[in-house]
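You will see two complexes here that share subunit A, one where it goes with subunit B and one where it goes with subunit C.
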Partner chain A sequence: MTRSSTPSTASRTSSSSHPSPSHPPFTAADDLPSESASAHHASPDPPRRGRGWGTAGFSVGATLALIVALTAFAEVGSRAGWWNDHVLPAPSVIFTELGVLLTERQFWIDAQRTGIEVAASIVFGCLLGFAAGLLFWKVPLLGRVFEPYLVSFYAVPLVLFYPVMIVLVGINAMSVIILATIMAAIPMALNTAVGLNQMPPVYLKLARSLRTSPRQTLFAIAIPAAGPFIVAGLRLAVVYALIGTIAMEFTTAQAGLGYRIRYLYEIFDNIGMFAYIVVVLVLSCLLTVALAAVGRVLLRGRNS
Partner chain B sequence: MTATAPAPAPTEADRPVKRRFSWRAVIGSQFVGASLLAVLVLIVWEVVSGLTFVIPSPVRTLGVLVENLSDPAYLFDLRVTAQAVALAFVVGTAVGGGIGLLLGLSARLRLIFEPMIIMLNGIPKIVLYPVLLPIFSLSGSKVVMGVLFALFPVLINVSTGVQEIPKVYWKLARSVRVNPWQMLVHIIFPAIRRPLLTGIRLAVSLAVVGVVLSEFFATRRGLGRVVLQAYSHGDYPSMVATIMLLITISFGISIALWQWEKRIH
Partner chain C sequence: MDPQGIEMTGLSVVFDTAARRVTAVTDIDQSVPHSSFVSIVGPSGCGKSTLLAVVAGLRKATTGTVSVAGRPVTGPDPKIGVVFQEDSTLPWRTVEENVAFAMEMIGTSKPERRKRTKDAIELVGLAGFEKSYPSQLSGGMRQRVALARTLAVQPEVVLMDEPFAALDQQTRLFLGAEVRQIWARTKQTIMFVTHDISEAILLSQQVWVMSYRPGTIIDVVDIDLPGERDAGVVSTPRFNELHNRIWGSLQAESMRGFQQQEASST
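Here is the complex of A and B:
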């Protein structure tokens, strides 16, 4: 399982400004002294931290500027008639509609449905994935047997099983939750297993020599050691739960934000549809930002 | 159907094992274990299909699939989907690779665009499909959707891969005065081949998912439409057969690429 490079990709994806946990050692001999010197030296540390905050601020500013610029472009373009109004309505029109939407009961029913589905699949998916990852670590044979399936269902092909699921379970929240849970569990399981497998053997030797109980070994040694991988898995699990839920609702459902977008498309309510799309986009962006913050808090003080 | 799924694995995984002619290695190998798991799943499927009438048995599914595959209309749908997936994959990999390369090479661009890309990667892209429809028409938008799905894993992996190229490679490049093309072909590509391959592997199955999900929504021809039509007619054997075909193909390709990926160091 250590060979699988998908999870390390996952963790790479997640770390924006900090070095990824699976930082490869430099192969060049002449680079080593300079690298270790700067790492051990005390003086470059404070300026680096200052620069880190500066770059983070710059990134945030640039992102906000990009979003504002795109919105302004859409507004100007649609006002000037560069494209037809039903291709992309002016953002001001969409936002007005959005304001109306937030007062409607229908919207909150849909949002609640999607929220419950996403939340349930995140919780179940993370627990299931973590348990599976632990099991794969404890029983390597099982890990090896399941690995090909986990690796190839890592991406979203499970969504394609949705029609089978609604035939089996019915068109309701349950069928969405089941599939989204599995989708969220897979990256979590893979990342947990890889994180635990890459733990240096000396950690477990220490645990043995201190005669820690199994519980202490797990909570005080194994989980912190695999921390960066588990957090990366968590982030992917949340993203996949959201993507899967919305995609499945979009395919066929009876309620939910994804379903409402499709419904409004089919009754040609273009502006309402765009308002719902904006809601979904904003929600997923907020979730991404929140996850980045949570990941940073959980892994605080680790980049030494 | 699941039994045929690991079929590409033996050709890839078994070869080095057989060369050594050690039976113990064969029995303990991942391929054997994974096949046993597939057989187990097949048995569970058979049992479940006996319990409920909506799920056809594995044998029946295979029969329906063979029947479908001799139907010219079905083959046409298959070809439409395959073409859309292939196009989406090629364009997505090229665009993703190009942008990833730029981001990997320029710290400034990375600073500006990286948070945006991470956010875009996290959004459920399928909701943009109704937006694409009036712009790219019915047959073009599913390709664009597939491109959007396939783009990000390649982009992110290439960008990270380029950033992690050891410094001495760049020094070497400067000291032998390579031109940009040689730089790309002889230094960057070999150095990032593993993350690139990971990205490509993810891109293949994501392109399939993007195209088929779009076909679920609205299209003229394609396997996604076949699935949804079979669903609304209550023709469950045909629906399950088509889904298993799609899953098996994307599973096979991604296992083959994964084995390849494991072999290069």
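Here is the complex of A and C:
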């Protein structure tokens, strides 16, 4: 039998400089190879957070620079006559129009309508999707039966069902909310189910060994364990809710930002249309930023 | 009467797989005295983890009984602490939140929780890492977190199912030596399952050698090495003698297991 490796490891650890006053040096020293952990030892939180905000700062800066560059390009191109004004008016003209819009009552009525529709679709879609995902996990048979349909539903442009919605609930906010909710619920359900099913089995063994209640198992173990997937589902749900809402307004509604864009398009008010488009873009950017912040809070400590 | 450790009487476990009926363990009549440290070594697939799961109440015995601290085991019980082979730290909780987790689940009061968390973290040598997340720790440190979580509950017995199997040999020996020291301080009753003979000798007062399926105890070896030992003991002659004896009993069993697995896979 050969035990030759032992003396060398002993000498290696005794020469280690890691301070561990309350323990024999070999104990704490050998399995602390991770440098990030040692650095962390000295100053717990700031370095990690600093890096995090550094990256965030960089991407914000890069995004702003990109927007400014594109805007400048559009301005120059439009003024120099590289393209027809009807294709894309100069940003300065659009922003001026936008400034006027913001003072108009009609704009705020449309914005409010869209805001409520998007918010309702996000809330209902996430709750519905989350509940469905949970159910698919708890009752694997249901999951096996329904998941394939949801996956293929993903590929279906649900907006196509708008005539059905109109017949069922009429041309109002409800028809928009219902379809956008369904669109948001699907990715949420799939992600939740995947996240819960991918949970390491040892977590449930731990739960069993501690005899946790079903409630504890769900809230203290399963949901946080599926966290990264649920957050990914949330992001998709928000995006789909927005797309669904705007697309539905575009096709069927009598109010809302999407409706207004189509209306302005039909009466050849190019500048007004672009002003509304800018509003929708800003709205989607705000949602993205809010989501990133939510994800950061919910997934703190992971992926570092 | 003295406090009791683990008593196993006429224990056997039979389960049905798709192909056939498997007797995982059979005829186990053994006891782990209170405050003692016993390791079980055996070839892979010998049912040692199954035996541990039965003692933990995570699996039902087909025949026979297990009692822990004088009470028969009928199901999982927080008083029977288990340290799993897989990484069971929860990545969304800091080290101290992980250590407090089991106590939270069983409803230990908050001040008590705080105190025991602090003690357990110091005991396993993780002081200074309370606010770290598992993703910032090495595999060995994560297993210490899992150990601290189990110890903080102050269980009657601690069952460890190859807790260091995923670590490299050196880390494993050092962590093992540390578990041994923790045991020397707390005098927990520990049942430790491993396939590593050196680890078993280094840690335990007694090593049980288990045969290949159907698993049963074929040899019980008392480890008469000094009580105060560290990883350096692996280079002593006595250690080699013990190692050779256990390897002697194990060799034939490993070979038998290997051949059976070969046969069933072809």
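For this structure, a couple of remarks:
Please note the rule applied: the second predicted complex is superposed on the first by the 243 of 304 C-alpha atoms of A that agree within 3 Å, B and C clash if a C-alpha of one lies under 4 Å from a C-alpha of the other, contacts with A are read in each partner's own complex, and residues count from 1 in each chain.
Just so it is clear, a residue touches a chain if its C-beta (ideal position, glycine included) is under 8 Å from a C-beta of that chain, and two chains touch if they have at least 3 such contacts.
This is a predicted model, so every value here is computed, not measured.
In the superposition on chain A, A:Lys205 makes contact with subunit C only, while subunit B stays out of contact range. Within the superposed three-chain model, A:Thr96 lies out of touch with both subunit B and subunit C [touch as defined at top]. By the touch criterion defined above, A:Gln106 lies against neither subunit B nor subunit C after alignment on the C-alpha atoms of chain A. In the superposition on chain A, A:Gln216 contacts subunit C only, with no contact to subunit B.
In the superposed model, A:Gly227 lies in contact with subunit C only, and not with subunit B. Contact comparison for subunit A: of subunit B and subunit C, B touches the greater number of residues. Of the two partner chains, subunit B is the only one touched by A:Thr63; subunit C is not.
Once chain A of one complex is fitted onto chain A of the other, the partner contacts of A:Tyr265 are limited to subunit B, with no touch recorded for subunit C. Shared interface residues of subunit A (contacting subunit B in one complex, subunit C in the other): 3, 5-6, 9, 13, 20, 23-24, 26-28, 30-31. Every residue of subunit A that touches subunit B in the complex is listed here, in rising order: 3, 5-6, 9, 12-13, 16, 20, 23-24, 26-28, 30-31, 55, 58-60, 62-63, 66-67, 84, 86-88, 141, 144-149, 151-157, 159-161, 163-164, 166-168, 239, 242-243, 245-247, 250-252, 258, 261-262, 265, 273-274, 276-277, 280-281, 284-285, 287-289, 292. The part of subunit A that touches subunit C in the complex is made up of residues 1, 3, 5-7, 9-10, 13, 20, 22-24, 26-28, 30-34, 36-37, 40-41, 44-45, 200-203, 205-212, 216, 220-221, 224-225, 227, 299-304.
Chain contact summary for the complex, subunit B toward subunit A: residues 6, 9, 30, 33-34, 36-37, 52, 54-55, 111-116, 118-119, 121-131, 134-135, 149, 153, 156-157, 160, 164, 166-168, 194-195, 198-199, 202, 205-206, 208-209, 212-213, 216-217, 227-228, 231, 236, 239-240, 243, 246-247, 250-251, 254-255, 258, 261-262. On the side of subunit C, the complex with subunit A involves touching residues 56-58, 75-78, 80-82, 84, 86-88, 90-94, 101-102, 104-106, 122, 125, 127-129, 131-133, 135-141, 167, 169-171, 173-175, 177-178, 181, 198, 230-232, 234-235, 239-240, 243-244, 247.
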